[in-house]
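In what follows, structures are represented as structure tokens.
Common to both upcoming complexes is chain A, partnered first by chain B, then by chain C.
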Partner chain A sequence: MAEGNKAVDLTSLSLEQLSEVIKQLDSELEYLSTSYGQLGRAQLKFRECLANVNDAVRAENDGKEVLVPLTSSLYVPGKLNLGNSKLLVDIGTGYYVEKSAGEATEYYKRKCEYLASSIENLNNAIDAKSVQIRAVQNIMQQKATATTAATKSS
Partner chain B sequence: MEELAKKYQNLQTELSTYVESLKKLETQLQENTTVLNELEKVAPDSNIYKQIGPTLVKQSHEEAKTNVKTRLDFINKEIARLENQTKISQEEFSKVKGAIIQAQAAAAPPNPAS
Partner chain C sequence: MSSSNPRGIPPAQFFEFKELSMEEAQGHLEKFQEAIAKYKFMETSVVRRVASLDDKIPDIRKTLQSVQFLKERQGDSFTVTYELNDTLNAKAEVEAKDNVYLWLGANVMLEYTVEEAEALLTQKLNSAEETLKACKEDLEFLRAQVTTMEVNTARVYNYTVLLRKKTKM
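What follows is the complex of A and B.
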């Protein structure tokens, strides 16, 4: 799509152009921060799933009475049948796969690890973007100071 | 000049719409790729269900994979189409921008000799 990024000497830009650059970088940083939050929430969800699998699928829970939600305010009594210990795991886009407790645990662990590495990469990108913003702000500060000094001397 | 400014604004809106659509498609591409990878890991005799409304309907492993592959194919084509549209719009946008700069330069009063 783009024809390759060309390096631009920031000191050669005017204050107006620099403020446009800041605006652009700010919007990019905002997008990255939003993504960071979303990934964090997704990781939390998978961790909860992992904890639920470990809590529910235990031999001592077999045959236990539970209340099953039909809606957010309507529950019906039921019994846990852990005879075959098969769980339905949501793998995305409306697909569910039957897995054993061990397979489900492995799946959620894998998801958590993948998200952890994505979060780390995103964190690095956010740091780099913040450094860029500070650099542009410094140049703007210098330019503004130079302009003020030039105005005073004339 | 007014016409150029209107065209410039329209193209700007068009471009941002394309960018938003591309973002959504990239997300869908990522999600469907993840699902396909997951289906590849699953044993062929596994029970797979597809959510249709509030119900889960059983599907064969092969059918599920074919469906996801078809969807991926469609998403990739849609991304290619949108990228092409974006490229055309960007070229048009650059032309209009150039025309505006020229018009502004022409409209500006000539500098009096100092």
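What follows is the complex of A and C.
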């Protein structure tokens, strides 16, 4: 049976062990920062979608002339068909769901809120990791100073 | 494998030698390393071009198929689902008229008739496929030249090892 994480007294560790701890904490911090960036980008995408639903998909825009993208480089003139038609929302892994403008707005709002809370949690975790790194660095500095003082006195 | 290249990439010569001094051998080794570096640089640039063409060709083909579809359905109107955003699609009513708009890049979009668009895209697709074929040939050729130069390097290096042994004796 694996034991639970035990608290370790950092002052009892050698300089080599402390530098290993710092390495590990740095890699964890890097991973958290990358995740933070990815979540931020995802949230931005959902915000854009929300803006699209609110701005473009309005009843007064129904029947308006637009250039419709058939591929990334081919556009044809067409008319917006928003009357009673639904929007197709990609919910991931190749699944698309038909939603009304209201439902789509609700969906994207929910996504944004969920991501905002995840980002906040990550931010707290990043702050905690930074504090841990600073603490280990302080102990390392103290140990290094003590070692140099000991060598001088001897 | 042909010894010359249609795109003017210089072929690597197999280095024949009987006797060399240490200085000559070192000079040759430096030349070989330089040649290998040049071939490797060319190889990376060709690999990049191949990757870019591999991305472009399906896109051009898809656009051409769409233009051909519009040509067949001229005068008809139909509903399409188009991408408003990465995860959001909306519907629009399209009437297949005689004109389409092609995004050429560099913030330029031009209006073409369906026939002109089809001709342009066909020509673009053919040219891209030919370029891809040429790039793949170049890649094979470059890899063969790198191998030749590495063999040259190994032979001369082994010769310098023998020379050192002789001078020690």
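The definition used in the following text is that the second predicted complex is superposed on the first by the 151 of 154 C-alpha atoms of A that agree within 3 Å, B and C clash if a C-alpha of one lies under 4 Å from a C-alpha of the other, contacts with A are read in each partner's own complex, and residues count from 1 in each chain.
Keep in mind that, in the parts below, a residue touches a chain if its C-beta (ideal position, glycine included) is under 8 Å from a C-beta of that chain, and two chains touch if they have at least 3 such contacts.
This is a predicted model, so every value here is computed, not measured.
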Check the residue A:45 against both partner chains and state whether it touches chain B (first), chain C (second), both, or neither. second
First (chain B), second (chain C), both or neither: which does A:93 touch? first
Using the superposition described at the top, determine whether chain B or chain C touches more residues of chain A. C
Residue overlap on chain A between the chain B contact set and the chain C contact set? 88, 91, 96
Residues of chain B touching chain A in the complex: 31-32, 34-35, 38-39, 42, 46-52, 56, 64, 68, 71, 83, 86-87, 90
Touch list for chain A against partner chain C, complex: 45-46, 48-49, 52-53, 56-57, 66-82, 85, 87-91, 96, 104
Of all residues in chain A, those that touch chain B in their complex: 1, 86, 88, 91-99, 107
Per the touch rule above, chain C residues touching chain A in the complex are 59, 62-63, 66-67, 70, 79-97, 99-104, 109, 117
